[in-house]
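Next up: some structures, all given as structure tokens.
Each of the next two complexes has chain A plus one more chain, namely chain B in the first and chain C in the second.
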Partner chain A sequence: MTDKEPKQVTRREFVTSVGGVGVGAVLGGVFLKGFLLPDQVLAVPASEGYLLVDTKKCAGCSSCMLACSLVHTGETNLSTSRIQIVNDPFVAFPNGVTQEQCRQCPFPACVEACPTGAMHVDTANGNVRTVDPAKCIGCERCIGACPFSPARVQWNSEEKHAQKCDLCADAPFWSDKGGVGGKQACVEVCPMHAIAFTKNVPLQNGDAGYQVNLRKGSVVWKAIGMPDGDNGEYASTPG
Partner chain B sequence: MTGGYTGKILRIDLTTKAVSTLDTAKYEEYGGGHGMGSAIFWDLCKDKTIKAFDPGNVLTIMTSPLSGTLAPAVAGRTEVQGIGAQGYPVEWFTRSNFGGRFSGHMKYAGWDGIVIEGKSDKPVWVDVRDDKVEIVSADGIWGLDTTEAQEEIWRRVQGSHEGDWNALGSGRDGGRTTQRPAVLTMGRAGETMSRMASLLHDSGNGAGQGAFGAVFGSKNLKAISVLGTGGVTIADPKALMDARMWSMQYAVAGHEKDFIPAGIGSMFAGNPGSGAKAYGPSDQPGVPMGCLGCHKDCRVRWKSGASNGSSCVDYFFYNSYDAAKHGGKQTQAILDSTEMIQRAGLNSYQMEGAILWLNALYKLGIAGPGKKIDTDLPFDQLGESSFVKALVDKIENKKDIGADLHEGLALCAVKWGRYAEDTKTGILPLQTWNYPQHYDARTEVEWGYGSLVGERDINEHDFNTLVFWSPSIAALSGAKPPITAEELSAIMAEKLSPYNDPMMMDYSDAGIYSEAMAKLVAWHRHYTRYYKQSLAFCDWAWSDLYNQYGPKGRGMTGEGEPKFFNAVTGKKLTFNEGMEIGRKIWNLDRAIWILQGRDREMEVFTDYNYDTGAIPGFSTYEAPYVMPVNENGVWSYKSVAGRKLDRQKVEDWKTLFFKLEGWDVKTGWPTRKTLSELGLDHVADELESKKKLGS
Partner chain C sequence: MGRRLLIGAGIAAAFVSGMVYAWRIAFVDGTELLFNSGWWLVLLAPFAGALAAGLTRRKNPVIEGDRVLRHDGAAILEHWTHGIGTAVLIVTGLALGALFIPSLLAKQQVWAVMNVHFVAVVMFLFGTFYYGVNTLLSWQRFREHLPTANAIKFTVQHYGRLLGNKKYDMPPEDKYFESEKMAYLLALVATATVIITGLLKAAAHVISIPGAVMGAATLVHDVATLGMLAFFLAHVLFAAILPMGWPMLRSMFTGYVSVEHAKAEHAGWYRRLVKPAVVPSEPKKDRNAA
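And then the complex of A and B:
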């Protein structure tokens, strides 16, 4: 390993070196691929992949949730989906649907909270933040530490461990290759193309970096007469 | 490994408040949904001649083994059956279904279906959270409209956890979910037991036909709420995911870069939002809305929020009046009008027929203030939402003419002494059994025949877009249809197994009375009973016969249905084996109707179908009737507008159909031989004991 190559940190290294730093560094939307501490230990290697969503394009069908649970666990189960779609069908557009995807946080509070190293940065799979079930003791600190609601770390009550999005790095029930170098089931299955994968670190200030406009320029979207503006308005002529 | 079934069906007796289970395995041969529902009804409803509001009526609300899975346009549909309150002159054992996510949550909660028996002494709702089932007082919910009732139940079930993880059990063993409970409910129309009352779930998912909302009302059952945190076991997960991605090549979702705008012809390849977008104001923003696991997402969430998730006839009952009133444009009036009937829980087909009929009576000077049918209904506001508001108020609260309309169109017409005359002229277009004409029996005969030998408007679009809409719109616009009539007949000869007869597409004056047309109707009855109503493949996507994205225009049907079923269940079903199960279910239904009083003599259309021509715009659809015909050995698309049905020829066609089905041609009753070869000897025994077995 050269000095420039990312290195997976141990739990002790992570907590002692990074715990109070408040990393999550954003420099004009460009995140440092690693955060080098004085002793040259890479503390928080950035994930090499992220999911972006467009809540103004999501139809609320939850196909992504079914695909996620299917490829990871072999059953279709909304409760074990790593992405959560929460839908109130009575609410007016552009509200009513939220797409709650893991943000692969540059500063992963879930990783920091884990006392056993079960929740870790997986350097072998593009630095996705993920769970080693064998090390998980079920304390659920990772779930409590997730700054988002609903928590993007789930408790798998059937297998009794925490779990979260790994960008399909470990999707044993899928013929295709997942992970940052492969496909993501939710992206592939979404009939609205309302979920996208990017290798670029999203803007970390608020939701805007992760909730984007995936409608602009879509031939289908324009043909079916749906609005393409950032706020759900018609930026171009309908139809 | 097997998958798809949870293994148990929830059985609730509202009279005794007993909660028990049925083993799914006993009914698994029927696939799921409708087949299981019919078999359960056969077993549990001892006297099948009772009326819809009798506490002995057995209501089944069933899933499919594909419910809650990733099979496209299947996962969210739920089948409802029982003795309906809409049928006339007999309240037939009937069916309806609805989309959304209710069936998925039944699966996730561990149930293959719910059976409701008896009648509660007080209004109640049923609260299902995984394996915990409670019958709860409906205080504070009874009296609410369909939206309010669902929102109130959401609050009671979710508590402070709305939008967050909600644990249904305790500690680490309890399942958790972010989802709202799936609620099936009825509105004020159901509470007052209107024969126009529907069931509603979420926004826009209605089971309208059959008046099951009124059956809920008769049982003092306001709603059923289901919330599940489990999963559906999949026998071959990789095969299911592969099949889903394979199917996307037949859908818009798989063709972002080579999208074909004119998608008419294939329902599976239809556009997102296509069930609603054209019915609303063109400049109102929205987004497609989809049922659980759908690949197409055909409905719309509107910026106004009014009528979210509604589709097709939910708008069609009134959209032409809106446009006529507002310079040819759809306005907020149609969205608001649809919102009103959905909240009230009124069947949009009955509302469509009611408005058509009442407006005709008004124009004839028969209905109106001080007229023979004395009403203050504001006909001058037809096209505004205020007209619908007034009509809904009258029906659900039994005021003014609403007191009679509340009983459904047929009984209302009988009471007003107008049934015979108005179904002869056609101003009351009840095609069969108190079901307003949907598609025209005189032109698109497979629709009419299917409804006639069944018990309701079939509402199955397998051929409709191909034989009617596609060539008719092409004729209107001067464009070429996507395929020629000859190509269509060739595709159907391949797809419509086991008959495989190209002449099944012949809608000529001779063809509509032919044996080939009997085969088409039989194929349709058997296919839909199994694949669409038992396995729950959505009518707005399946069957997939012609597909503009498919190889040489071929859709997935034949290959697709068993591919998904087998991936989920681990079985090795062939397409034709499924068709045979459909034939079995169809015969079982037929036997129930016969016990209710059905015979050949009853199976006639209302008079207007024989006495008046099929004139575009006269009844429901403002389009010409251009259809495939084979004349002198040559295929073409031709207008058949103006055609009447010939009474004797319809009778001759019935004889051909009954022979094909193995039924007694004199009575229309199945024979022992037919029932026995389908494994229905116990049904034959029952018919024989009632002296109703065919010979």
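And then the complex of A and C:
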């Protein structure tokens, strides 16, 4: 009986087997995922903070837009504001001015649409829906996916990425603490007190949950003869 | 030849169908980004390239009557899959890279162009890994691509003569011109960089990758693309547009150049083919070369 030399694996045999196992693993994995595992669903935690506005109280001064731009970018530029004030000259007072703020939707279509994970739920900052500019590829799917008009996600043409309200969680040009546990620049700066912050999830039925009456009970508002009803009517006798 | 045509037609049909599907699914239906739904193809392509290379038996260059086999079937396959993939990647990559200065694409076109980029990625990865593993199995093919000590001298001589300077003779170039070998190094570095950073960008569609890594990968990917573009333009100019490259272009379809061409343009290589014993770089332990 003679000892045979053990068969050496050649380089060709090695790379062929690596290629074969790789092809098998990928195809097997796809088969497993496609047919045997259940489909994945996008499940994200609700934001811990929301902006509420009173469009009947807004004077359209755009201070909130300038403050938003200032604390986020260091410049007062209406084009880089996350909150938007819309003036419609064909609509009569008090309905001609509206504040269009991000609603931090419980199901964020912008997050679902983002192909790279740039638009994400920031679990470290109260689950606010926000953008990681470094990951944004500029496809603007998030802007198209936002169900509201104007879209609450905007294209930042200065820095070339999508942007949206983060409740001031990342406001590098503001010394105060922002985010759900801090302040929001637009709320702080509004001279009409027409923007408010809440930790309660607003009613998800049309605009009613997010466009609220912030005039009710205001003695000053009543004293200067402004309407305090939910629909802009005089709910009580002018003082 | 019939088998080669069949494989070529099959790959071309798959590529064109993929492109049409990619465009349609994004631009007409507006629903799907292939980097999200078909990411596994990006993973599959390199392994498929490696497997195909392992199963391929290469044929070394040889003189057959009045013609010389320069490109065997594997060389033709790896060249066109890599080359066409690269061409489509550069065009779509430039369109996507210019989104901000200002955008060349409308919003919905971005999606469609990304899908076309995806199809080219799969083709490119297959071709490149097929070439890479083929090279791993036959190092002398890699060594033939590397510049020698004659690089500068031969290049000055070669192009000096082409520019009409009569004091220069055609240098005895090997299988590849020394100038091609120098450009090969640029292509090698640019391609490796594009693949590594591109795989990171593709992976970001499936797993979470830190923003800083993505930012760096995107920038490096863009710069490497410009390197590939420079190589690509020079390659197309010298190999396909200038008449001096046409015999080689024909060879990329038929596999053969004439003996006259080999003698005139690649005297060093022809000498090696005539006297294979003088080949200094043939590795003795490579059991895989045909």
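By definition in this document, the second predicted complex is superposed on the first by the 194 of 239 C-alpha atoms of A that agree within 3 Å, B and C clash if a C-alpha of one lies under 4 Å from a C-alpha of the other, contacts with A are read in each partner's own complex, and residues count from 1 in each chain.
The rule is short, and it goes like this: a contact is a pair of C-beta atoms (placed from the backbone, for glycine too) under 8 Å apart; a residue touches a chain by one contact, two chains touch by 3 or more.
Everything numeric in this text was worked out from a predicted model, so none of it was measured.
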Under the stated touch criterion, name the partner, chain B or chain C, that contacts more residues in chain A. B
Check whether A:160 is in contact with chain B, with chain C, with both or with neither, and answer first, second, both or neither. both
Which partner chains sit in contact with A:69 here, chain B, chain C, both or neither? Use first/second/both/neither. first
Touched partner set for A:138, first chain B, second chain C, both or neither: both
Give one of first, second, both or neither to describe whether A:59 is in contact with chain B, with chain C, with both, or with none. first
Go through the superposed model and pick first if A:116 touches only chain B, second if only chain C, both, or neither. second
Touch check for A:147: first (chain B), second (chain C), both, or neither? neither
With the touch criterion stated at the top, can you tell me which chain A residues are shared between the chain B interface and the chain C interface? 138, 140, 160
Where on chain B does chain A make contact in their complex? 3, 68-70, 75, 101, 104, 108, 147, 150-151, 163-165, 169, 172-180, 202-204, 229-234, 237-238, 240-242, 244-245, 248, 251-253, 255-257, 259, 261, 271-274, 277, 282-283, 285-297, 301-305, 308-309
Residue numbers of chain C touching chain A in their complex, please. 33, 35-36, 40, 43-44, 46-55, 96, 99-100, 103, 107, 110-111, 114, 133, 136-137, 204-205, 208-209, 211-212, 214-215, 218, 287-288
Any idea which chain A residues touch chain C in the complex? 10-13, 15-23, 25-27, 29-30, 115-118, 132-135, 137-141, 144, 160
Note which residues of chain A are touching chain B in the complex, please. 56-63, 66-67, 69-71, 73-80, 84, 86-94, 96-98, 100, 138, 140, 149-151, 154-155, 157-158, 160, 173-175, 185, 188-193, 218-220, 223-227, 232-234, 238-239
